[in-house]
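Notes to accompany the following structure.
Read from first to last, the chains carry the letters A, B, C and D; within each, the first residue is number 1.
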Amino acid sequence: MSGNTFGKIFRITTHGESHGPVIGVVVDGVPAGMPLSEADVQRELDRRRPGQSIVTTPRAEKDKVEISSGVFEGKTLGTPICMFVRNVDVDSKPYEAIKAKPRPGHADLAYWLKFGHIDHRGGGRGAARETVGRVAAGAIAKKLLAAHGVEILGHTIEAAGVAVEREVSPEEIRKNVENNPMRCADPKVAEEMKRRVLEASAKGDSTGGVVELIALNVPPGLGDPVFEKLDAEIAHALMSIGSVKGVEIGIGFKAARMFGSEVNDQLRLKGDKIIGDTNNSGGILGGISTGMPIVARIVVKPTPSITKPQKTVDVVRMKEAELKLEGRFDPNICPRIVPVAESMLALVLADHMLRAGKISPNRFKGFK
Amino acid sequence: MSGNTFGKIFRITTHGESHGPVIGVVVDGVPAGMPLSEADVQRELDRRRPGQSIVTTPRAEKDKVEISSGVFEGKTLGTPICMFVRNVDVDSKPYEAIKAKPRPGHADLAYWLKFGHIDHRGGGRGAARETVGRVAAGAIAKKLLAAHGVEILGHTIEAAGVAVEREVSPEEIRKNVENNPMRCADPKVAEEMKRRVLEASAKGDSTGGVVELIALNVPPGLGDPVFEKLDAEIAHALMSIGSVKGVEIGIGFKAARMFGSEVNDQLRLKGDKIIGDTNNSGGILGGISTGMPIVARIVVKPTPSITKPQKTVDVVRMKEAELKLEGRFDPNICPRIVPVAESMLALVLADHMLRAGKISPNRFKGFK
Amino acid sequence: MSGNTFGKIFRITTHGESHGPVIGVVVDGVPAGMPLSEADVQRELDRRRPGQSIVTTPRAEKDKVEISSGVFEGKTLGTPICMFVRNVDVDSKPYEAIKAKPRPGHADLAYWLKFGHIDHRGGGRGAARETVGRVAAGAIAKKLLAAHGVEILGHTIEAAGVAVEREVSPEEIRKNVENNPMRCADPKVAEEMKRRVLEASAKGDSTGGVVELIALNVPPGLGDPVFEKLDAEIAHALMSIGSVKGVEIGIGFKAARMFGSEVNDQLRLKGDKIIGDTNNSGGILGGISTGMPIVARIVVKPTPSITKPQKTVDVVRMKEAELKLEGRFDPNICPRIVPVAESMLALVLADHMLRAGKISPNRFKGFK
Amino acid sequence: MSGNTFGKIFRITTHGESHGPVIGVVVDGVPAGMPLSEADVQRELDRRRPGQSIVTTPRAEKDKVEISSGVFEGKTLGTPICMFVRNVDVDSKPYEAIKAKPRPGHADLAYWLKFGHIDHRGGGRGAARETVGRVAAGAIAKKLLAAHGVEILGHTIEAAGVAVEREVSPEEIRKNVENNPMRCADPKVAEEMKRRVLEASAKGDSTGGVVELIALNVPPGLGDPVFEKLDAEIAHALMSIGSVKGVEIGIGFKAARMFGSEVNDQLRLKGDKIIGDTNNSGGILGGISTGMPIVARIVVKPTPSITKPQKTVDVVRMKEAELKLEGRFDPNICPRIVPVAESMLALVLADHMLRAGKISPNRFKGFK
């Protein structure tokens, strides 16, 4: 496997298995002189952490980040930033029993077919825990972007069949998302989502949903035709998150049932800026940012770990078998995917800001 | 712009503007000794060509391919294969008048903001014509895959609001797709699609749709966790096609409203192979192919070129303006996107077959 | 084979075999708005062309370049620039006889072992003709660099055992190099070089030499520790030229016999710039440019094609054989390698200028 | 800075500053199922460690490696292998005094010009300590290569003006190199080298030398024309090591003064293998391995840290200054560069073995 590196200038390499000693990331391409502390990263990791609420798994990961390189006297050095989190509350025992039985909906079978083994200790690199490195790196990307005026927002817009039917404002997202366990911008809808999520969970089942990502104040001109289009790289980044089965930009799949005259964003002036009357393009045309907000949505499949009995195949004995998972799992992963997806969007944008010369590659803004 | 190269081992570089002298591609990473002729490539280019039918633009591109390197005495040399098509039926005059007026829904504005100019001659690299290189390269990828048992299928499953509501078989796709202008596997639905597409077109408007891609007989084990997941790279590849605003794998966006017990493909034995009762995963779990058919879908927005009057901004005078496009445009691009999307899927799979050691990198199967 | 692309932002892909229809290159990453004509490129190709003088092979390649994309109305578009040269004066007949007999010192045997065939038509991609694409791309890189003040010089400092023993000035290089067939900056030494080169040639043998490359006015700060060091990428670029068996930077191999106190460039002020008393570092320390001239040297082995009888193995019959090459070959390739090596240095520097933000990626200096 | 990743399939990312908390590396692309222990890596790190002998710096780094991911129950998982070493015996105090004074011959000035700061704590990423990550990764590459029959050897062939004038056999290298402080294959020459090294050291000066690398039993066919030639990537890898100012392959710089008839390796049969009478090509022709031993040499400049007074510029006050380094430094780094250079060669070869399909990418040889 050699696919653990992502990005061209702002480039991350993640490592670590779910139940190994540590999980971590090396972040390369951060300009020198940017203020950075472990607290900056911890804040984002705490948002990803399980056990935050009733709808997330209660594994009590502390996930305390340590920065072991690239920062000196509170500022980045321009050298690679290595961060890691020790895996503490690890108990691989429940997995022993199912060692030879790939869990439906999980990567187990595919890993076994590829590598000849299943890292039964909680899924290894296929486990959600792998995203710790992404979120730590994303925290740095976000901070770098923020210093250049770019803001990243994420929120759950649908879960367990309950959707936010109206458009919510950035203000609502900023204000409400961290105040309910679903990370939904509409507190009332959040209540209903939670109710349905727990209802399914009580029956040993899980639910999915849709998460929306928004990037505000992105300068126009990011994205390189034709294969390094901004939307293509965003799709790559978001689809690389486990459990994501689809990505759409702007109007997305709705475009299939609309007319050109409806989808085309009509252009007009707002001061000296050219903007669209609408933002069906999601801030990207021809793979290049237009200056309008970037809008992407991902569909998150229901958590594959459920306690209902399932059918599998014992890969050692090569015979069909039943599987009954024990333990408590995230009944819905949307809220925990929010910071992961925000991170991936931030990574792509930071990389493209650097590629387009909007962020200076060697020295942080104002640093001499 | 430096994003014209795609792939890691099987790697293509496309070039050429819509109204420049030629449009072409260099294909690197093809093993030596594979039989290859211009006819192999021409067949696919003819499927992409405009003017094929009533629902495609009548620009009479001949699109005759010439192979200028990498093939000798009917066999690949293992050296890069350069192919190009001369742009003949080129008339840039209609574009002169709209030189300073970015067309809504097109890349014009974004290119202008990035590069400081609009290649008004038919959109330059932002035009659909850029896909000639992709399809030529895709023809080679498909041939290489076919020699290793992998088949790629594509078909329109929704257009202008008309959808194929049932699952169609590979046989139907193979049999019907080239026999109707919509490239729809169900001839009756195709009729209705065409009717609605032409209806909108008659009103100066355009329509969108959904195209489905299927790869049969893909070996398990393709895809590298965690950022080079097979589905992530497929999403990248497909989203890099102009007009595509969303990508989904397997069950896709439907997963948002389902339960885990419904989405998880239950495993069973079929002979000595482990298969799923269903294929909601679309043949990919944890970013790795499972051996089940790979299924991806893309949403294609309505052709942005419409003859209805639109609002734009004259970027030279910086004042609002009206835009009335003259000419005849594809009323619906789904049928022409089918071979392009098939090509992108083939490119990703050929690359991953090479990365996973399923295709030998230097010498074509059986070649000595 | 998939190694025909070079560079990260300024990125080239070459293609074409020695005796195929064309030889060419796609240059990606050139900012939009740079004035560029075929004449700019032709000038450099003419310097590479054989048949220029008595010490080069008389193959009368016209090597007329055609630009088929990326330039419009005399300016770059920011899209990939495709250039090619048709192979005209091609005669593969002399090669027929030696089809199964790898030529000692050539790539023939290695290609055969790798790809299962020898492109006997003049060596295919292993032939010196492959460098046409490099030089065409280099011409663009040089022009872009020149617009940002960077000048690239190349000259032969040793050939056939005759060396320039003194340091020559940039002025001498500029003035003399194009005025003698050896591309030597010292006209008297050039005479002696030529004499010895022809002497060996008359005996059916060939000679080698050393070429020096200098880049003037390179800004400090280019090069990325630790694996993308400027000198590491220069070494890569120069060693990728056929016949080059060694690369050194600054003091180079002489450093083995010197003391630290001699090699360390002592620092002092010159105005507000920090410079070295000497330039043993060759303008690069820790892989990063210091602002001093960049100096690299390459050793060029004697042309492997010689008319003296040689020992080989017939790879079809697998028996030892004698080989007697017919025809006229470059008795010494140093002069023709000068523009190729200059090009490779220019490509690395242009790429690093872009990476370091010293060249703006999207719009050419002053272009709006 | 974003250049801390190297390799395409077998890919490493190093991190950590000389005086930061840890120094480490992430190794990606190792097949699953290879036996690997910390002892395997420690052995190589001990060869790199300072304080081994009288000719190396006495900094008592323990350099105890910890593997924190990618290995489970004594076998590789196919996931990225993260290894690190804690920096213990770190004393940054001596560097405080010279904070603003770039040391001649060091990266200090270049880093300051690029990043706006000098990591005065022992040179940061510019320090030799950065190579810990390379050697740890190299240990894995060597083990993987060894399992496929490839052996890597390194030895000092010249130091302080004393050279091994004769060719030494692989047996001599294996037997003698670890038995003398110079890592020289000829014990008598080693004695003389040591004498001269210490003589210069006693005068507050340092010396350089030449290190030779040999790879035995490399299969033919590695290397991708034209920019990913095996020798080009070896040159890149070796030149990326601090203090290396030149690289040569096979006959190297000597080729400048030889005739083609002398340099061309005449071919003959040895059993069913085609070999050269000589190995002037150093096992690589046209950038592709031929099956003969791969031979490369690097020149190592004298250690830039010397105790003799030197001239520098105080970059804060911008005035000329004298610099007198205190402490004890490696009088000659050749012996410690041997394992680093071996590692870099091993990394390139492991990567190319994977690219050429000579090593299976997912599962270690014989692992199921």
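Quick note on the criterion: contacts are C-beta pairs under 8 Å (C-beta built on N, C-alpha and C of every residue); 3 or more make two chains touch, one makes a residue touch a chain.
A quick note: this is a predicted structure, and the numbers were derived from the prediction, not measured.
Show which chains lie in contact with chain A and also with chain B.
The shared contacts of chain A and chain B, listed by label, come to C, D.
For chain B, which other chain has the most distant CA centre?
Of all chains, D has its centre farthest from that of chain B.
When I count C-beta pairs in contact, which pair ends up with more: A-C or A-D?
Result: the pair with more contacts is A-D.
Which integer distance in Å separates the CA centroid of chain C from that of chain D?
Comparing mean C-alpha positions, chain D is 27 Å from chain C.
Using mean CA coordinates as chain centres, what's the chain A-chain C distance in Å?
45
Let me have the rounded angstrom distance from the C-alpha centre of chain A over to the C-alpha centre of chain D, please.
38
Going through chain A residue by residue, note those that touch at least 2 other chains and give them in order.
Each of 1-5, 9, 14, 79, 114, 125, 221, 225, 356, 361-362 in chain A touches at least two other chains.
Tell me, which parts of chain B touch chain D in their complex?
Contacts found on chain B: 8-9, 79, 221, 225, 355-357, 360-362.
Can you list the chain A residues touching chain D in their complex?
1-5, 9-11, 13-17, 20-24, 26, 28-29, 32-33, 68-70, 72, 77-82, 84, 114-117, 119, 121, 124-125, 361-363, 367-368
Contact residues on chain A for chain B in the complex?
Residues 1-6, 14, 102, 104-111, 113-114, 125-126, 130, 158-159, 161, 200, 204-210, 220-221, 223-229, 231-240, 242, 245-253, 255-269, 272, 274, 276-277, 281-282, 284-291, 299-306, 308, 310-313, 315, 318-320, 356.
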